[in-house]
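Chain lettering (A, B and C) follows the sequence in which the chains are written, and residue indices restart at 1 in each chain.
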Amino acid sequence: MAVTAIPVVRPRKAVAGGGALARRRRRTFWPFLLPALVIYLAFFIGPALASLWISFHKWDGVGEMEPRGLQNYEILFSDDTFLAAFGNTLLILVVVGAATFAVSFGLTMVLRDMRGKRFVRAVLFFPYIISPLVLSVLWGFLFRTPEGLVNSAWAALTGGTGVNWLGDHLFGVIMIGLIWVNTGFYTTVIMAGVDRIPPDLYEDCALAGATAWQRFRHVTLPLSWDVVATAAVIWTISSLKIFEFIYAFGGNTNDMPTVTVWNSALFVYGATFGGRTPQYQFGYASASAVVTLAVITVLVVLLRRLLRREAVAF
Amino acid sequence: MRRFGIGAVWALVVFNLGVLGWMGVSALREHTAIFDTPWGLETFGQIENFVRAWSESNFGRAALNTVVLVVAASVVVVVVSAPAAYALAKSRTRLSGAMAVFFALGIGIPVQVIVIPLFVLMQDAGLVNSLSGLFVLYVALSLPFTVFLLTGFFGSLPEEVEEAAEIDGAGPIRTFVQIVLPLARNGLVTALLLNLIGLWNETFIALVFIQDSEKQTLSLSLLGFLQTQQYSGSDYGALLAGVCILVLPMLAVYVWLGRRIIEGLTVGAVK
Amino acid sequence: MALRASTSPRRLLAALVTSALALTVAGCGGGSSGGGGLTYWSMWKESEPQAKVLADAVRAFEAETGVKVSVQWQGREVLKKVTPALRGGDVPDLVDQEENPIRATLVQADAFRDLSGVFAAEVPGSAKLVSQVVSDKYLGTLKKDGKPFLVPYEVIGHGLWFDSAAHAGVAASPPKTWQDFTALLAKSKSEGRSPIALDGDIPYYNAYWTIGALQNALGPGRVSELAKDPTGKAWDTPEVRAVLASVRDLSRQGYFAPGFDGSKWPAVQEKWAQGQADFLLMGSWAPSETGAKAKSGISYQFLPLPGARQSVPVGSLGFTIPKRAKNPGAAERFIAYFMKDQHLGRIATEAKNLTPNPALPAPPELAGLAKATAELPISRPLDGLEADYPGYVDEVFYPANDLLVKGKSEVDGFLAQLAERQANYWKKHR
């Protein structure tokens, strides 16, 4: 989710070194941080460490834990269900991420000097505030075959029956839905970065006869780079937890959707509380979460390396 | 090319508004008609759908619980996160950088994994099946994201203002409360609203930790109502009416304050 | 144990933080309810017919015995609340749900109370024991190591449903063999109707066809044995192949109503209730789920899925008592009390479902089902795969079966995928 923040640590004038302000900040650092830190440690990190511990056990959540060493992890790496789910997580991360950013940039370029920009932006943002559960009910109505809106429109235009969306391309439909939901948010963020680019730069470009692509490549992208980089990190972390939108493609509110569209978050749910006869494999589920989190952490670190650039001053 | 772009943007706007309109219209239609002609208007005007959804799912009590709980939790999480984010944003040491990443990691931990240890913890504290307990959990679970978000805002505030306050002899707490917080107002409101939206829709934690029906939240009531469709008969009209009851307050908040969210995001992203 | 050790140092800290924070939301607090009486967590929501019947019984029980009952209408997710509490929290004295989720939670963790005592108790005022009221035909699967864990009050049977007003011929001479049945389907198709309604996005509806056909060809319990094979290759026999081919044939012949592949539940089931398709293979919730919105004049009729070794897959819904319940005695008394005709009978008359007491009249919609359960052998829904191997159907059977039923894979492809997934499943569930 949200915007700016930490990951892109911008090199600035060194403040930390000296000065009364810096000294005072060092004094207030802990008192300011402590309440949040205590809550975070008690209710988040503590249970998370407990889960790490649980991941070395076989445990149904009720009885005694049975130590298993690294066995959960060994099984995990040869579990096709997990590997497929993890593959879907990566697919969402890369494909949905790339498409969302491409569409968001496209929208930004169009919106930049369009009339009604504020209104449009507000409308584009709104799927983000609606419960994903609701959105996927609607998404189902749009794409159902043969009577859905998409296929009805297709039939009206071409006379053909069109594609069996939910039957043959369910994961594709889910990915399109995710792009739709996320575009509003990332458009807003990227626009914030693009809006601060001085308009005279674009005028210079126009004078020099630059094409739209050249303008994008040499002005827009480099000058909004740190906002984009931050947004990319946010996307990477939050794409991990996408759950409800996919879950709601199951038949009923009790049922898991078909295993071929699971991502790792659904895998965790499926191995614990999910389904009509839940598995309650908390040790194994914890191990899968640990692995996913570890891989994503590595990706975030790599991404930060990759995206780190000197911000262009202007 | 450009004309095509503008056309596409408006098409998307129409689509989004259409989605909303369809939901509202269908919530007032009869079940069988929704399936026969999903995009038609026959049988429009069934207020009973809303009556049924409201009375059968016990929304009244749940609405009160949810409003109090979600507003309180959103406010408190911002109050707790703001100083921490400020400390992290303004002291550029190795430690604060690591701390910031440490908080950010929490965003990626799926709650299904920590729920059992969390339950044991809450049990020991006597906070299972209580709205205070749920409140504490909501504050805790919203914390990583809020700290992450606000760190960005405080990082974007100009140094000069604080230096001026310093020269005027203001103490650190006064500087923070009287100078920094008002400057970061947009950011705080954005954080508040995003938490409000997120917690309003939260179901899983409430499901596990709340047991008495008079302590239910709205999303929990809606889920219970949706599930009666299994065995007791499906009624998509009433279902969508229930969904509308959940969505409309958030939509109202968005129409009223949405500009703030967007401006907040904008200001935060731009230093 | 290690988990507890690791949390206890944090306990004080947590208590401090929480009490400080709790002050800020004055007025929403409150501990757990309860006291000396009986706590009952139900799978129903208050507005549902079953809840009304149970609530009336609770009131009558309170008046007669003086035991105070506190009911929470938790809804279908009731066990998601019970499970975390099993480890040391406040558990209710009485819970109800379907047998499968109860088996996966309370029974699997050995956290249930042996209900032999209830079965040996007298149903108040009837001079009969509970074991004489509840047909033992339904009890075979409701025991673990000989100890009963569930007292059923509602029975769900599975089979074909059709409108006997529109298909009087089928009602008069129901098909007994698969050949008779497919001949019927072919005739319906040739007359321009849609023979079978199926919401193919619900994987267990697809599985009812394949497993139902297999159960009826091989006999009850055999599919469960096939699923137990750690290599997943046990399925590859000529007998199984023949059944799979006949299931694969249903979509090849175009017997499923349009939208079975690509629409969303309950779209096709709606069409069936409107008379746009002939048969629906489903549990006995079919009439109550579609009833309110069905076309007028529909007359629901049940037909066991035809086959050489016909059986009726039956599942139960009922009461269970957690081992750590504080007041199990009162819970047992209430269960026996609810088995009185005046209460249990209303599960049939008002909630429109079959009761486990064969002496009680079945609702008219389910008369055919009541007759079938009395005459034919009983089997388990999905042959017990879902019940006995948690996660198996989701991870192994459904993905392979969806493709077969929808005609997107052939028998060879199905067997190969099933074997691979089954081997993978048993690797992690050793």
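We adopt the following convention: a residue touches a chain if its C-beta (ideal position, glycine included) is under 8 Å from a C-beta of that chain, and two chains touch if they have at least 3 such contacts.
Computed from a predicted structure; not experimentally measured.
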Task = Pick one for the touching-chains graph, please: line, ring, star, complete, other.
result = complete
Remark   = Of A-B and B-C, the pair joined by more C-beta contact pairs is A-B
Task = Starting from the mean Cα coordinates of subunit B and subunit C, work out the distance between those two points in Å.
result = 35
Message = On a C-alpha centroid basis, what's the spacing between subunit A and subunit B, in Å?
response = 16
Remark   = Shared-interface residues of subunit C (touching two or more other chains) are 3, 7, 10, 14, 17, 76-77, 80, 84, 87, 267
Ask   = Which residue numbers or ranges of subunit A touch two or more of the other chains?
value = 39, 42-43, 46, 50, 54, 61, 141, 147, 252-254, 273
Request  = Specify, in ascending order, the residues of subunit B that touch 2 or more different other chains.
outcome  = 115-117, 121, 136, 139, 223, 227, 229-230
Key: subunit A-facing residues of subunit C, complex   = 1-3, 6-7, 10, 13-14, 17, 76-77, 80, 83-84, 86-87, 98, 100-101, 103-105, 108-111, 199-205, 258-259, 261-265, 267, 386-387, 390-391, 394-395, 398-399, 402, 406, 420-421, 424-425, 427-428
Request  = Provide the residue numbers of subunit A that touch subunit C in the complex, in ascending order.
outcome  = 38-39, 42-43, 46, 49-50, 53-54, 60-65, 75, 78-81, 140-141, 144-147, 164-168, 251-256, 258-260, 270-271, 273-281, 284
Residue numbers on subunit C that touch subunit B, as the complex places them = 3-4, 7-8, 10-11, 14-15, 17-18, 21-22, 24-25, 27-33, 41, 44-49, 72-77, 80-81, 84-85, 87-90, 266-267, 270, 274, 285, 288-293
Ask   = So in the complex, which bits of subunit B are touching subunit A?
value = 1-2, 5-6, 8-10, 12-13, 16-17, 19-20, 22-23, 38-39, 80-81, 83-84, 86-88, 90-93, 96-97, 99-101, 103-110, 112-118, 121, 136-137, 139-141, 143-145, 147-149, 151-153, 155-156, 159, 162-163, 166, 172-173, 176, 190-191, 194, 197, 201, 219, 223, 226-227, 229-230, 240, 243, 246-247, 250-251, 254, 258-259, 261-262, 265-270
Complex contact set, residues of subunit A against subunit B = 1-7, 9-10, 12, 14-16, 20-22, 24-37, 39-40, 42-48, 50-51, 54, 61, 106-107, 109-111, 114, 118-127, 129-135, 137-138, 141, 147-149, 152, 188-189, 191-193, 195-196, 212, 227, 230, 237-238, 240-241, 243, 252-254, 265, 268-269, 272-273, 282, 285-286, 289, 293, 296-297
